[in-house]
Amino acid sequence: MTTAPPPAAAPGAADAPAAGATSSELLAVVASRALAGRRTVFAGIGLPTLAASLAHLTVAPGLEIVYESGVCGAHPAQLPETIADAVLITGAEAVLPMATLFGAVLQGGHIDVGFLGAAQIDRWGNLNSSVIGEWERPQVRLPGAGGAMEVMANAREIFVVMRRHTPRSFTAELDFCTSPGPDRALADGIRPLGSGVTRVVTDLGLLERAGAGEELRLTAVHPGVTVDQVREATGWELAVADEVAVIEPPSAAELRLLREDVDPGRVYLR
Amino acid sequence: MTTAPPPAAAPGAADAPAAGATSSELLAVVASRALAGRRTVFAGIGLPTLAASLAHLTVAPGLEIVYESGVCGAHPAQLPETIADAVLITGAEAVLPMATLFGAVLQGGHIDVGFLGAAQIDRWGNLNSSVIGEWERPQVRLPGAGGAMEVMANAREIFVVMRRHTPRSFTAELDFCTSPGPDRALADGIRPLGSGVTRVVTDLGLLERAGAGEELRLTAVHPGVTVDQVREATGWELAVADEVAVIEPPSAAELRLLREDVDPGRVYLR
Amino acid sequence: MRDVEDAPVARRFRFVRAEELPAVERSVAPPDKTLSMRDAVAAFVHDGDTVCLEGFTHLIPTAAGHEIIRQRRRDLTVVRMTADIVVDQMLAGGCVKRLVSSFVGNSSAGSLGELRRRIERADPEPLEFEEYSHHGMVCRYQAGAQRLPFLPLRSYAGSDLPGVNPALRKVTSPYPGPDGEPEQIYVVPPVNPDVTFIHAQRADRLGNTQIWGLTGVQAEAVYAAKRAVVVVEEIVDDEVIRADPNRTVVPAHAVDAVVHCPRGAHPSFAQGYYDRDNAFYRSWSHISKDAERLRAWLDEWVYGTRDHAEYAAKLADHFRDHLAVGEALSGQVDYGRRL
Amino acid sequence: MRDVEDAPVARRFRFVRAEELPAVERSVAPPDKTLSMRDAVAAFVHDGDTVCLEGFTHLIPTAAGHEIIRQRRRDLTVVRMTADIVVDQMLAGGCVKRLVSSFVGNSSAGSLGELRRRIERADPEPLEFEEYSHHGMVCRYQAGAQRLPFLPLRSYAGSDLPGVNPALRKVTSPYPGPDGEPEQIYVVPPVNPDVTFIHAQRADRLGNTQIWGLTGVQAEAVYAAKRAVVVVEEIVDDEVIRADPNRTVVPAHAVDAVVHCPRGAHPSFAQGYYDRDNAFYRSWSHISKDAERLRAWLDEWVYGTRDHAEYAAKLADHFRDHLAVGEALSGQVDYGRRL
């Protein structure tokens, strides 16, 4: 098994790969590219907001960012610190009651891509954000479902961004399934609208699946990362694509936008 | 059977009975008195609006008038011509989406009294506003349910105002039951919130019933009207109270308010 | 799982590559959804479609109905809570095969002549009629908007409507009722029109739509539809919309086209723009009572006008003398900005 | 039917008689619902009650929670979508036996120490926890507000939540599914709190309540409750409310008391009034991690203050220096008046 050489820099070009991107920058850039051409994205705070904002400036200029709090088409003057930050409301295109947000926008099928995080993910893209241990008396009580279950069930596809790819978070068996992918939903007799998790961006690479019946498969790694590394960091026997790509590192232009326009205060680009 | 003498006028008093009240004025005044102490009333345009507006000025100063269009607490500068008249909106306390109006306000049980009209009413207070003849090919196609069915099912009680008390409108059998009272609902296996029609004000007198299991009963007549007259004008064998009252005619004060404050343009006081 | 031990690491990577990125400027224009009414109807209304026109007394999308008549669409299913003048006109224009509604009358001003001829005498042809109550229609729009198989409501118990409308059904609640016994409730199915037209005071070019006064069921009717066209009195700058995002009743993502059509709600009204033409409502009962007179009216006012601008121009004096309104400003609220 | 042939015509008439009518002037004052927070909590919160506090990140009714702690209410069931700092404080105050919620965390700022001790270690006592998702809670409020036995939603299929929450059940739709087969869907039951508290920017004395920015689920939570208390930054004249009736999120008929309590939503924010105290959110994770430190905090900021005015006064400099916001006005719309 070999690692691909780093892509050749286009000398002097504004879009040349940049040196010294942090892990956060790497994840935000990779996730932003995956939003190419999308219409609507349901984003949480942090990396998803960075990715969506960057995509808005690059590959998806028509992208409408929708927040769980009911904000549609936010144009914040500052980087928001929560999904309900006052700066998201002032200057937004619409602020909807939650019943409309969850009922018509999300369940109605208007979200192309939803970003979700989780404490645990399994090979089918099921997510746990509820507990470590038993629900009744957990070792660690996590925040729970919030709207994640609804995003999973109703967005056309789900992107997951995980800062740390470890066997504990990429687990063979979830302690609790908070947000089930389509396979579990179908087993429960109900067909969800979307494909569930289609992309998982991690500090090691990219896992993908197309929808129900498919498991996550390693399709790309960051430069310098080997397939074996990813396999060892995964708690199940990881499926690997026939050809594993090397992810193009952030370009100078992407990093400049991210650092100067999207998060100049380095709130999330830690 | 005797007819009671007209009530003695209190000479010189502002509230003395007035001569020359029209039928519309009579109905509006009688209906307004029945709103004494009520909190919320769901009113259509015409006599119900006159009655509610007069009650607001007399027996029910805290009365909130709710319109099917979503207007709550209207303070119109002019008499409204429709339930959605622009003058009802400007200066109102609240304008609600229809989903909130029908879901939370009406079905939620916030309406004390709903006013309804109908082409036909039966002895149990069931109403027809759909068709004369067969539904599939009616002799006369009437407007239909609108929100009347919801008012019937969800208001605590229903007042019906009928300009003309005739055997065709007070019928033994409805051509079609649009808005069923509680007896029909119970027979369908569902318990409604309210009592259904509790008062019917007509040009002849007043019919009342307390709720499920009771039929309408003549309890009062206008001065000069006999019980037999009402009986003949009713398409079923009319129940009559042990003691039938004579309705106090409109006072001078009530008429003055009605003519000068409520409907100075004589839009409905024809 | 197949053996992946020796999967080659390749550069076949379907993410957008850095060099494919568009110029990194905000100059990329957002999608402009403005269309003429003619183009919007041509694009979004086809023979046999299910077409919803909503607006409860306020902001009735009359001009859209007239353009559908002009373009002689046929066999439409029309969905509208209050089937009133515009529906009577579409019936007379021969556009409508089926009507889904909860009120078929000319407000409190009288009758709909064409509708009554169609229903009472099948003249000139029968009208398929699917009848609900208002709340039933509201719930159908909500179910459609929310992609639900049904919604429950406390209506219909004991009514004759379920006997003539098999779409009205009962469900037993999985929770015990107040008396501990199983509880039944009626439900309605969703409605998902091919296209919904609404009229509104203003929108931006992206489709963010603001309505004040009666907001009715417009948002639900738009969200329920496969396509939505918003007809507006004014197209305004983004900044006007974004100064007051709570006023946005329909967000851009739910809108496919924005049509600028002042006075397009006549004879209904647009709060703050023009008043209801009550005289026309009253006269409609007379016009529509006589099939010939109704045809003549259509010839003059719909077929005889090229578009709604021409219709409105014929009414210019009437608007000025009878339908103009004075000012009653809302006051402002402060959304605040971070210091 | 008994024989009524000779029923006497009598004057026993229970309508209000003309001479009983009150003076016919508009001078009769409308009901003034203003109360102090102390009186509102004393009147509407009893031991063992189900108490809802709503506000999604914006306009959290913290001051109401603090007064409930001061009055040492016990055995409450607290209903709140995002159980956050105010819930952690009420838990620490010993007020809460049971929690109904869809998110138990300190926003993105960290953990709720007391809640985790209660759930993870039953320390100092167990907490009954009924867990939902956000949309599930929204539907519970809607069902409660609309007096429905249940509402369906497209969540929960395949989740482990129904296994730990028997209130999550399935219903079979009476209409065929997309594939022609019977279709199942999960439903949630209504919630009807004994009392709901919300915080809002302004209301009049009758209870007409206006909110801008995030309006969340406040209207549904109020309509679902048997009693509702609205806590506001400002009590304004009727005229302010009535100039913009579309801004009224909760009408007077749904409100039992109006409490004037500026800055009562701290550490959350009130759009246009003050910003979110993000530093406090971050510090709460540390404060609440240590039970002793949490008790000391309550002693100083809740038990040690007579009311919220005193709490806010202690923070006056902090509000001025860190939470003040600049102006961003909404612009005005014209509601029009008949000429």
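Per-chain numbering from 1; labels A, B, C and D assigned in written order.
By definition in this document, contacts are C-beta pairs under 8 Å (C-beta built on N, C-alpha and C of every residue); 3 or more make two chains touch, one makes a residue touch a chain.
A quick note: this is a predicted structure, and the numbers were derived from the prediction, not measured.
Per-chain CA centroids place chain A at a distance of 32 Å from chain D. Rounded to a whole number, the gap between the C-alpha centres of chain A and chain B is 59 angstrom. Each chain gets one centre point, the mean of its Cα atoms, and the points for chain B and chain D are 36 Å apart. Multi-chain contact residues of chain C, defined as those touching 2 or more other chains: 142, 147-148, 153-154, 170, 185, 213, 215, 219-220, 243, 246, 271, 275, 325, 328, 335-338. Looking at chain B, one finds that residues 71, 86, 89-91, 95, 103, 107, 154, 193 touch two or more other chains. Arrangement of the chains shown, judged by which pairs touch: an irregular graph that fits none of the line, ring, star or complete shapes. Remark: the chains found to touch one another pair up as A-C, A-D, B-C, B-D, C-D.
Those residues of chain B lying in contact with chain D across their complex are 1-4, 7, 10, 13, 15-17, 30, 33-34, 36, 39-40, 57-59, 61-62, 64, 66, 71-73, 75, 77-78, 86-87, 89-96, 100, 103-105, 107-110, 154, 193, 215, 219-221, 227, 237-248, 250-251, 253-254, 256-257.
Chain D contributes residues 1-2, 4-13, 15-19, 21-22, 24, 26, 28, 30-31, 142, 145-148, 204, 206, 208, 219-220, 223, 238, 241-243, 245-246, 248, 251-254, 335-338 to its touches with chain B in the complex.
Touching chain D in their complex are the following residues of chain A: 45-46, 68-71, 81-86, 89-91, 95, 97-99, 102-103, 106-107, 126, 130, 135-150, 153-154, 176-181, 183-193.
Taken together, the chain C residues at the contact with chain B in this complex read 56-58, 82, 101-105, 107-108, 115-116, 119-120, 122, 131-136, 138, 142, 153-161, 164, 170, 178, 184-186, 213-217, 219-220, 269, 271, 275-276, 278, 325, 328.
Within the complex formed with chain C, the residues of chain D that make contact are 147-154, 169-171, 173-175, 177, 183, 185, 187, 189, 201, 210, 212-213, 215, 240, 243-244, 246-247, 271-273, 275, 324-339.
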